[in-house]
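We call the chains A, B, C, D, E and F, going by the order they appear; numbering starts again at 1 in every chain.
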Amino acid sequence: QELQTFVVNESQRARIQASIHSLTDTCFRKCISPGAIKKGALDRNEEPCMRNCVERFMDANFVVLKELEKLRG
Amino acid sequence: QIQQEANMQNARILVEKLNEHCFERCVPKPGSSLSKGEETCFTACMEKYMTAWNTVSKQYVARIQKESQQAGLGGSTGL
Amino acid sequence: QELQTFVVNESQRARIQASIHSLTDTCFRKCISPGAIKKGALDRNEEPCMRNCVERFMDANFVVLKELEKLRG
Amino acid sequence: QIQQEANMQNARILVEKLNEHCFERCVPKPGSSLSKGEETCFTACMEKYMTAWNTVSKQYVARIQKESQQAGLGGSTGL
Amino acid sequence: QIQQEANMQNARILVEKLNEHCFERCVPKPGSSLSKGEETCFTACMEKYMTAWNTVSKQYVARIQKESQQAGLGGSTGL
Amino acid sequence: QELQTFVVNESQRARIQASIHSLTDTCFRKCISPGAIKKGALDRNEEPCMRNCVERFMDANFVVLKELEKLRG
């Protein structure tokens, strides 16, 4: 029982970590201005863009799930 | 049961890829909410991606079947 | 024996599925006109492009296999 | 111990992705040594990527917590 | 036998990557057959990719050997 | 004991192979001039570019490791 809970939790954790890596990848590409990078901090456009990017990705994800449910009937 | 899990896995990858492609396409600059236009684009893109996946599946399976018939029974598929 | 057949079949199935995902990815990028998407259906250019894309990929794959055999002598 | 290994794995992926992105960005034409400018860009890019990863983590976890609360106890997260 | 399987796996990844890169390069608009030009490009691209892979292998292995010698016996390689 | 050494060696080998595939991918993209490919050999610009690309990637990797150590204190 405990082992099963542990396995479920760990695999959920792994999936969350994978999503975070993939979202960072996608949103970094979208939000960080092209060209050489001068400062390590996120600037005033980049920071909200990164946060919006996560939220809009989740919104879009939700749109997909809703549509899939419609298709299933 | 293993087969069922394989199907789930397959569907999960399809949804992941679709999200990736359609987010890339339909939300070039993420704002403070999903605009109506972005949502419309997303729904259309989703349908298009699934249709594309279906087209590829059929074409691909038909091709490897044709090839394995030409190669005789039990022929390899070249992939 | 039966288990082995099952494992072989399943892993073949998995490889085919992986190829289909990867081909859809590649061909969607090549065949779907850039910019926002208006209609869910594939249009009259996109549909044959997707089918040709699969066939040409397999042709190219075959060219590679032939060349590799030549190299092996 | 498994958890520790998972953390290691996580850090390893972060470093790999960061290297990939920052090399792409900061070293467009690899020369016979890493120039001072390339190195500065790389250090800044590394910091930026890690900050971005942190921002994404927080936002993502907050969002799935919000959603699972709305869905009631044990709610699914939609991913 | 495991090593043999590892080599097979390695060759399989090389062929997959090569197909991906060269298809991208040589077949920008897939038509109703592979043109002579596309096929020539593909054969050259394939050779170039394999040569590039060889160059990378040699350079990479030489570098990690140099580094582990500097770090003393059993030194780590930084990757 | 022997089994453990074997497993460690094999997984190190696997990681090296994975790095070589990933570096070939990255550096091919950077160093091979765009457009159709005419000759199979690497030309006089491509060959040193591929070698420099590996070396600079490793240098950059080293910069990251040094910085991470600083962060850890």
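Please note the rule applied: a residue touches a chain if its C-beta (ideal position, glycine included) is under 8 Å from a C-beta of that chain, and two chains touch if they have at least 3 such contacts.
Keep in mind that this is a model prediction, so the values were computed, not measured.
Which other chains touch chain A while also touching chain B?
Output, common partners of chain A and chain B: nil, no chain qualifies.
Taking each chain's centre as the mean of its C-alpha atoms, give the chain farthest from chain A.
That would be chain E.
Centre-to-centre on C-alpha atoms, which chain is most distant from chain F?
Chain B.
Indicate the whole-number Å distance between the mean C-alpha point of chain D and the mean C-alpha point of chain E.
The mean C-alpha positions of chain D and chain E differ by 26 Å.
Using mean CA coordinates as chain centres, what's the chain B-chain F distance in Å?
31
Distance from the CA centroid of chain C to that of chain E, rounded to the nearest Å?
Chain centroid spacing, chain C to chain E, equals 20 Å.
If a residue has to touch 2 or more other chains to count, which residues of chain E qualify?
In chain E, residues 22, 26, 43, 46-47 touch at least two other chains, as defined above.
Provide the list of chain F residues touching at least two other chains, using ranges where the numbers run on.
In chain F, the residues touching two or more other chains are 27, 31, 55, 61.
Circling the ring from chain E via chain F, which chains come up in turn?
Order round the ring from chain E, first step to chain F: E, F, D, A, B, C.
Of all residues in chain B, which touch chain A in the complex?
Those in contact with chain A are residues 15, 18-20, 22-24, 26-34, 38-39, 42-43, 46-47.
In their complex, what parts of chain F are in touch with chain D?
22, 26-27, 30-31, 49, 52-53, 55-57, 59-61, 63-64, 67-68
Could you list, by residue number, the parts of chain A that touch chain D in their complex?
Within the complex, chain A contacts chain D at residues 10, 13-17, 19-21, 23-25, 27-29, 31-32, 35-42, 46-47, 50-51, 54-55, 58, 61-62, 65.
Which residues of chain E touch chain F once you look at their complex with the stated criterion?
2-3, 6, 10, 13-14, 17, 21-22, 25-26, 37, 40-41, 43-49, 51-53, 55-57, 59-61, 63-64, 78-79
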